[in-house]
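Shared chain: subunit A. Partners: subunit B in the first complex, subunit C in the second.
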Partner chain A sequence: MAELTGKYLVGVFDDDDVILHAIPKLRKAGVKIHEVYSPFPIHGLDDALGHPRTRIGIAAFLFGLTGATCALTMMTWMLGYDWPMNIGGKDYISLPNFIPITFELTVLFTAFGMVTTFFVTNGLSPNPAPVLFDPRSTDNKFVMAIEMGKNKMSEEDITKALKDLGAGEVNIKQF
Partner chain B sequence: MHVTSPVRPPLVTGGKTYADVTEDVCRHVEGKPTKEWKIAFIVSLVVLIYGTACLFWTWWEGLGVWGLNKTVGWAWDITNFVWWVGIGHAGTLISAILLLFRQKWRTSINRAAEAMTIFAVICAASFILMHMGRPWLAYWALPLPNTFGSLWVNFNSPLVWDVFAISTYFSVSLVFWYIGLIPDLATIRDRATSKVSRFIYGTFAMGWNGSAKTWSRYEYISLILAGLSTPLVLSVHTIVSMDFATSVIPGWHTTIFPPYFVAGAIFSGFAMVQNLMLITRVVYRLEDYITIEHIESMNKIITLTGSIVGIAYLTEFFIAWYSGVEYESYAFINRATGPYWWAYWAMMTCNVISPQLFWSRSLRRSVTWTFFISVIVNIGMWFERFVIIVTSLHRDYLPSSWAMFSPTFYDIGDYIFSFGLFGTLFLLFSKYLPVVNMAEVKAIIRSSSERLPKNISGVAKGARVANPSFNKDAE
Partner chain C sequence: MASVHAIPSIEERFEFTSGAKRNLLIGGAIGLALIIIGAFLLANGSGHEAAHGAEHAAAAGADHGATAAQHEAGAAGGHGGSSWMTRIWANIWLNAVYFTGISVIGMFFMSYNYLAQAGWSVVFKRIPEALPSFLPVTGAVMLITFFLGGHDLFHWTHEELYDASNEGFDAIINGKKGFLNTPFFLIRLVLYFVGWYFLWTVLRKASLEEDQIGGLTNYDKSVKYGTAFLVFFAVTSSTSAWDFVMSIETHWFSTMFGWYTLASWHVTGLAVITLMVVTLRERGYLKAVNHSHLQDLGKFVFAFSIFWTYVWFAQFLLIYYANLPEEIIHYKERFSGYGGIYRAPFFINLILNFFFPFLVLMTRDSKRTHSILKLACWSIIVGHYFDFYNNIMPGTVGANAGFGPVEFGFILVFACAFIWFVSAQLAKANLIPRNHPMLEESLHHDIA
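This part shows the complex of A and B:
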């Protein structure tokens, strides 16, 4: 996670529907939203915030491809070239028999590669005390952070807009 | 506006708010262990210690302490292995396949079911290690360059496929479960009042902050993990069945094994989930989250998979006759009428007849009946594996080799070990981790709650509103 600096306005909402509907209105009014934090995924939030679609699927596919290639190369080399063995008269390189392990390693590489990518791109690491705008955002509140340094509107105007759109409270957070 | 379709029964009752969900689930993690939990834990631990002693002797003395003989070379060890792996399959079905099918009722049971999967696979793996006799050489199953000549493992063998399948299944299930746990661990971290629990839960919560970007990637990878786990779980029991099906033993050498084993696995796994969840929901007062609807849905799956298993038994029998293979026919007639007839008919009664009782709506909505039939199903599925393994082996081609198997003290003790291990792990999980996936349940409240409270967010109760030291730290 990038270091947070400067002054933030933190709008705390009670209802996921309310915050979802507030976002387009705020953005239309010219407010730049830093990020929204919620206790559970809210569908449509990405589009409302204008976040680009995640590309983690591409990474997952590439990891899967790596897994399949590694598995096939390993088995072909070991049983086909390094120490060919006659097993029940089967071909040294008998592809149908290599399918199960190829599949398993594809899944293994994809899962672990994708999850590692997930941790890296989200900046997740063992950190017992991350910086949060409001700790209630992992319980029952929906929190919108607005970075004052990146907004031209005055603090009072944004506070008023947030309150009008349903924020229960608006706090100031200085880093 | 809140509209609930009349055809869809509510999944969360009692008009729960988001704060209620947090409170109802976290209460058990944060509170002191209850007396019941302590008693159950001590019992499990005693069973585990007893089992470990038996296991120690098995390894010290060798596999001769088991009742195996030169004809029946696999018995309780592999029976227990297949039984435990099968049980594990239900957790993946609930967390992955039901996610792909968008079944919202999975959300309140997936956490515990996945935990059950992981613990069941650990128990299964322990039998693999046991039956190796020399478990310290277990790494010989891996394709490692070795000093005994550059001989590699045989990738044509289903036993080697099994090594890859089980270890991939275990590690991917663990990752899937952990990813799902992270948001809930963050909830516990932010409510923690003691420094120690804040540090421990906080470390495992990986600095989760619930930002929109994180959630979107989280949902995306959950979907892909579900998409990967679905064929994975099917492949695991398929490969387990191939351990038998690719051999030329009459009674094992059948092409029906993979689907038949997978259905049986889900069947027994759901029965085990029922047993665990019926106890957990009462002890933890989670009746509003794990409702009769959830129990009924699982019972429907039990009936479906039980019927598939029943058809598979009949098909096997039919094909044994229709194929005209003398040895195959004999294997099946011997199963039903030979010296192990009681095991065969126990299997038939428990697995084929008992799940059919769930056609009655009142029985499948009855907690007592569900618990009872689930126990019966698990007994039946254990017998299924015993019947397949032992009755197919005990009458060899040569009548002079015919033998019977009877379990010894250590066969039984090593089986008891797995119960102690499973019980201990599950009890630790149910005390120290949230048994219900809070984030996912909160996400379905709006669409699936019985009635929505005026303020859906709710008011966090008591001293645990939020970490009191939090704002001081940040300011």
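This part shows the complex of A and C:
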């Protein structure tokens, strides 16, 4: 995740249902929401925020394809050319024998690839610098961050809208 | 919920129209006509597969080498004169086994959903619930076929195999006598169908009563019936697979065969359920079924298509690797035996049942699209016909097999009868179980 800069309005809500229903109304009013932080997953939040669907499935497929290709290439080269071995009288290069390892490496590459992708896209390197708009979002509050630089509406208008829609408090966070 | 779904009415009744009945009758009649034409052609020897087949059988026999193998090939090919009658019996048996599987999987699906107390599947549960109504038909067909054509289909029914003084004595088959003998086979055959059908009847009765009076009593009962069925099916799914399919090649055995047939039946049943849900939706029924239900059904089909492949390959790899003559003969017959006539269905089997659905159903959106779901389900339904074709035909008709009017005819007759029974069953009750305790959960099923 890129380093955050600029000025943010931070709406703090007490209830997950209230924040979920506030989102479509704010978006309709033309407010661009940066992100919502919650202590637990809220069903339907992604849709409400209009986040694009994850592309991890495509990544997984490509990782799997890489794994399958690596396994088949490795075994073909090893057992067919580099060090041919007679195993049970089968051909040096015999596809059925290669399937279990191909399957294993496909799964291995997919699993490692997806975990790595997940870590990288979410900025979960060792020693992460957590982005916290309000520490209480890890406890009992639901926090909505709005980047002022990307919004045309004035600070007062957004603050008022947030309060009207049920935000208990609205703070300013400067990075 | 931000995205509030409007839940359409749950009061809808499937109508088994006279037009549909007429079409099914026409379909059945065409099937019957095809069978008669095909049988006539075969009996008069103009079906040229028969002529070719004889040569191939000889070639295949020479190919096999091992003594046990030769015996098996001889047993398959050498039933004497009326090879076309054998082909008729084999076709009836093949379709009966195939449709028994689809029917019983309806009950299987219901049972594990009850046992897991699953909520999501409630909205379309009338569809799997209707499938087992076809069981008495396939059961009766199998019983009659065994009496009339059992000798042609099952090598182990021949008396001389068990007579030590006879030159046809077979020590291996004689050793299986305790299990493979006609009285015990008949007892098992009847037990399977009576057991499966009885448990379905009580489950169905509870379900229909629940529709009228509501409450939790019938739900609790259903969980018990479902559990009882799963215990019973855990054993009978394997034993019926040995009886119906594996015993045809009496010498050969595979310890994975029970699983393998269950996997095959299961994925076919799931494909039929999914196809029916999609078809009913397209005809304006099941409006309460949303895209999440479809995606989960698609996942089910996808997962069990892979599961079938896994079991298929596990069985294949063990036998291929060990290369024991009495085991490998099974694949040799299919791969190169009988002049290679089973090589095409061998690969069709893998392509239609694994590669195609695997690639097509992989993405999220494809599992939510009617046309793609239908394509994948049809691929599996057709593919698993060939799965059973490849398991049953080599051991019964051997070199005289083919794919002609007789095969098409029997598929048509069985399919029309199956659709008739299931439609009649669907029309009997509200298409959505309106008083099921988990209906509300199912209506709001949302997996994003």
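General remarks:
Please note the rule applied: the second predicted complex is superposed on the first by the 172 of 175 C-alpha atoms of A that agree within 3 Å, B and C clash if a C-alpha of one lies under 4 Å from a C-alpha of the other, contacts with A are read in each partner's own complex, and residues count from 1 in each chain.
Note that contacts are C-beta pairs under 8 Å (C-beta built on N, C-alpha and C of every residue); 3 or more make two chains touch, one makes a residue touch a chain.
These figures come from a predicted structure and were not determined experimentally.
Of the two partner chains placed around the shared chain by superposition, subunit B is the only one that A:F119 touches, whereas subunit C remains out of contact. Between subunit B and subunit C, B touches the greater number of residues of subunit A. Legend: residue contacts after superposition of the two complexes on their common chain; A:N127 is shown touching subunit B, with no touch to subunit C.
In the superposed pair of complexes, A:G44 makes contact with subunit C only, with no contact to subunit B.
Look at A:P100: by the touch rule set out above, it reaches both subunit B and subunit C. In the superposition on chain A, A:M75 makes contact with subunit B only, not with subunit C. In the superposition on chain A, contact is made by A:L20 with subunit C only, not with subunit B. Applying the stated contact rule after C-alpha superposition, one finds that A:G89 touches subunit C and leaves subunit B untouched. Shared contact residues of subunit A with subunit B and subunit C: 45-46, 57, 88, 90, 97, 100.
Residues of subunit C touching subunit A in their complex: 1-3, 313, 316-317, 320-321, 323, 362-364, 446, 448. The residues of subunit B lying in touch with subunit A in their complex are 17-19, 22, 143, 150-152, 154-156, 158, 160-161, 164-165, 168, 171-172, 175-176, 179, 182-183, 186-187, 189-191, 198-221, 224-225, 228, 231-232, 235, 239, 438-440, 442-443, 446, 455-458, 460, 465-467, 470, 473-475. Chain contact summary for the complex, subunit A toward subunit C: residues 20-21, 23-24, 43-48, 53, 57, 61, 88-90, 96-97, 99-100. Taken together, the subunit A residues at the contact with subunit B in this complex read 1, 14-17, 35-42, 45-46, 49, 51, 54, 56-57, 60, 74-75, 78-79, 82-83, 85, 87-88, 90, 94, 97-98, 100-101, 103-105, 107-108, 110-112, 114-115, 118-119, 121-132, 134-142, 173-175.
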